[in-house]
């Protein structure tokens, strides 16, 4: 795609002279539910994406006490459904939207608690930065949740969670709630008040059927809209990233850029994104490495999984520790810098942008 | 797809007790840019799409005087770019959005006027309910605009218009401006202050290359994101609809439903929609015919092109005359009823819904 | 794709020494239905495609008397099914195969004759170099056959022909019979002894529904494996080619190469080839123009429709008149040279090569 | 798809009367390289696929002594390229074709031997029924070959093999040589006289980059025509089959049919077949289980990997032991019967049939 316009000296500005006739015309517009383009063009059609959303960093050290206090004060059950703390982008007017398309939340489930089953059109995933002891039950298939795992609940699959341990557990949820709400696409249905299967197997049925590299069950030849894999285990992610860096050491073209290993979680029936609206990826930078500065159409959210480093957003550097989360709105520049080996989980609305042909990326030269 | 939930007796409602501790927690949320899910769930994730947008009908008889007055009072030129009156859905807070995804406007160009060239990521089309005399120049290719024609300017193509006649001309514009604005995907670039080619050929280059049914130029074997056809002429649309009704008379399965002929405008390189975000269709009902009542995820806009009849939206009947426009928000029921032979142009955001797998339709049995 | 190997000085040649033990081994091979690779490699896996098929030209002036004599001597009816003279490539051992994949034949139908209905997996088309008066009935839809028309009967559609005139008619048939026979994919079923509809409409139902450029009936939204258009009329083909040359005159990029207009007949539901195994195209060269010399993987058959010129195959020039047909086997070089304006119909097995990723083309520099 | 015609009482049979005029006509045909359809129809277009190929079983016990004797008598090196014994279908006239599309061979490499590098358009794989000690080097990436592994060398990748051990090794090769030869699509190029990398890593670069279930390297986002995985390890295949049977025991829908687990080897960039012309699968039947009898368009080859059982082809039962191979031609019925737990490797030309829309399958009811 083309680069963004780099100068916009000509402005959207021309306006008609203010006269009694014009005021009468504008009154007529109002009465007839008409708004003229010429009064709004610059805001409606900016020279490049100019999001109301702003970059923001949430510190894990600030979030966790609030999550724990919620665990003490707020019940979880039918009605409220989930004890989830939505990260609200400061630029989006108090809505619990981390970006115009994405929702990100901290979910907290106390010892022995159950979050009841429901399903919705919205696509959802969970990523576990720490802890274990919870099983999420997706369409009747119990899926263990452990540190470093990505768990999927694609649109219209029933799901509930239960904590079998005697300690609370916290994870992040990612959904396309803002997109669904803005574009009026969502359906919601309540399911069982409990989870439909309290078994705690080590591996879900979906994993046992689908997590064999390059092998497809003959009982699963029909392509699916979303991935049939319920859990992407940390063990595999870690090994994939480790191998990329080792291959790089051996002179093979395995990494995205020098010192930067990365994988995309995919739907094995198509090789494409795990869900139609959300891309999930994982990045690992070697100690001392930095990613190139880039801008993308569409918004991204990251969570630090391991190590320390920084992100530079719009030329401002933010230091990051384990658990910290940040959002990069559309067309805002960003780059990652690793102090130690630096692992980050990353999700975005890129599938929307690509499927509708709005995707553009600029990588800055150094 | 599944039907919508037909009863939602269980409500999103459970709330924690109001205590000093809870208030302190909520204050902490605010400070940390956190919004809890449990206070918002019902609004964020309704049982079925519950659009802020409302159904509305704009009468051509009301719009035209305002367009003419704008022609007298408002110049057209660099800055304002277009003399376009945006139809503002009464439910969308005063924005010039006819639905959460779509923009619809009346554009008015006076005798000998030129609307300067620009380009933008937003996909656009024009449909001509009456008149002639204007050429739109798309990437240097002059395209005649005449009654009944659909004219395309897909994203990032330069385009300007000029009126060679001594009378004004009016048409409707459709774009994905609201979608682009909400999701931060739009780029904009100014082009020539005039149009780059003032020729007035009867047929554009794109038509001459591509408008031969079932024939593809060997110079155009690469599929394109949007249709390479700049103008879909009324003559062809009319003939296609006429033939469908004749075939129906002969007992052939050519119509959508009894007495209801319809075509979709498509990209000849793929057979799919003309642009990635906007579907364009045309409906013809025989006098006395009615379409079945249906609900769709996604929003639609119609303009009456010929004949009289009515639309029933959410059980309310609206009588319609030539030029009248109306919007059907997501998941609102609608059906068309023809008094005379009844021709309507129709556009929607269906490609978005289908590509992201949110599309659902329910057709009611009678 | 890569170029072909241009030198093959190293030969497939190494053979073991002839000893009693080797002879015993070879006897064992024979007994066990084993053939060793090392005795056959050069023939099985040549350095580049080395077809048994040879280039050949059939002169219309030679073919027509045979067709007429067949009309006098050979009945048409159930059993033989068609009075078709298959063009047998001289290199393919007496089989009626014009190439390893394709069948081409002259079909001749006398006044008032009927060729009975049948269907088969093999994909078929007809192209009419002269005459009129026959209707082909495809799945009950009568399709007029006139000069310059391409008529389709994709696999497993019932079809029969009848001549309503008092003069005989001749046309060419193209099918994938050799491919189907070699690869054991064909089914065959007899249908009506007559045609199921003796009506003689000017336009078939398929045309009336589908031949409106860029317009798709809403009753036909499901993509089809083969084109739903039964007849591609000469009027449209001629106009498309005429426009390409006019656009070239105006400086637009409309032709394949200087003086060479060409169209591909396509399936309007996909923009792709009309049938899964056969590509159909039409070429027009200006008087004096020549196409660049090229080699393609896969075989092509041409028929001169209008004008005079020549084809150079493997550096040998063959002069061509109206109706003459020729075959270009895989990886044999060819170019067209126009004396007058020169129109040629062209079909090939290119969809097979492309879908299986064997396609390669080299265009020689001048 | 439709069922095959089940009765074909009407025969292709009608022939003209033998007269001097007819003989003269036929002489004219011969002179002009014409073959009439009516003399050949039944053979060219049978009522259903009627392959010249016949079902046949090759016993491993017969093959191995021949392979060993070849090792003693026939060198391996540039020219002959490979010590490969092609299984020649008894119905295909002495060609080393196991079916009209497929090649299957036993390849034998002695201690410390090297088979030199070359590349060709033909797609190839190897499957290892026993042994170890050989590395195949594919485009410079050394790939270990061990028991139960499937190794790929898709078209136009350089490859050679070398045996590092002091014992010989035997495996089977599968290619699309007959298809390529018949359709004239093949190119061949010699490479290094030795292998380009004599390293013996446990895992190839391709595996290290791609064999992490559901994870795609960001350096490999471009889809590839064939799988980027060089080796599909037995460990994964075995585990996938084991899990399917365990899930079946637990009441989950994981197997193809009762007691019959099966996987397809796939290209992780698309979820589709490993190569454009060849499908590879693996079947496991529980002791005592049987697969349903079926017919498919296209040909299949099987090798028993473990266990004993039988195949019933065209109602004739053939008992099978480890290493035995058999071919099922197009539209011939087959079913598997397990005595012990029964493991079979299976390859076929199904991608050709599916991509060209000739695929049909009938599963017989019991």
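By written order: A, B, C and D. Residues from 1 in each chain.
Simple rule for what comes next: a residue touches a chain if its C-beta (ideal position, glycine included) is under 8 Å from a C-beta of that chain, and two chains touch if they have at least 3 such contacts.
Just so you know, these numbers come straight off a predicted model, no measurement behind them.
**Student:** How many steps does it take, at the fewest, to get from chain A to chain C if each step moves to a chain that touches the one before?
**Tutor:** When the steps are counted carefully, the minimum from chain A to chain C is 2.
**Student:** Let me check something: if the centre of a chain is the mean of its CA atoms, which chain is farthest from chain D?
**Tutor:** B
**Student:** Sharing more than half its contact pairs with A-B, counted by residue number, which one of A-D, B-C or C-D qualifies?
**Tutor:** Equivalent contacts to A-B are found in C-D.
**Student:** Using Cα averages as centroids, what's the distance between chain B and chain C in whole Å?
**Tutor:** 43
**Student:** Counting only Cα atoms for the centres, state how far chain B is from chain D in Å.
**Tutor:** The separation of the two C-alpha centroids amounts to 52 Å.
**Student:** Calculate how many whole Å lie between the centre of chain C and the centre of chain D, each centre taken as the average of the chain's C-alpha atoms.
**Tutor:** Each chain's C-alpha centroid was found; their separation is 30 Å.
**Student:** For chain A, jot down the residues that touch at least 2 other chains.
**Tutor:** If we look for residues of chain A contacting two or more partner chains, we find none.
**Student:** Of all residues in chain A, which touch chain B in the complex?
**Tutor:** Its residues touching chain B are 2, 4-5, 10-16, 19, 21-22, 24-25, 28-29, 32-38, 40-41, 43-51, 53, 56, 58, 62-63, 65-66, 69-70, 72-75, 77-90, 94-96, 100-101, 105, 120-122, 155-156, 177, 179-190, 225, 276-277, 297-299, 329-331, 349, 351-353, 355-358, 360.
**Student:** Inside the complex, what are the residues of chain A that reach chain D?
**Tutor:** So the residues of chain A touching chain D come out as 205, 208-219, 221, 223, 227, 229, 232, 236-237, 239-240, 243-244, 246-247, 252-256, 262-271, 274, 281.
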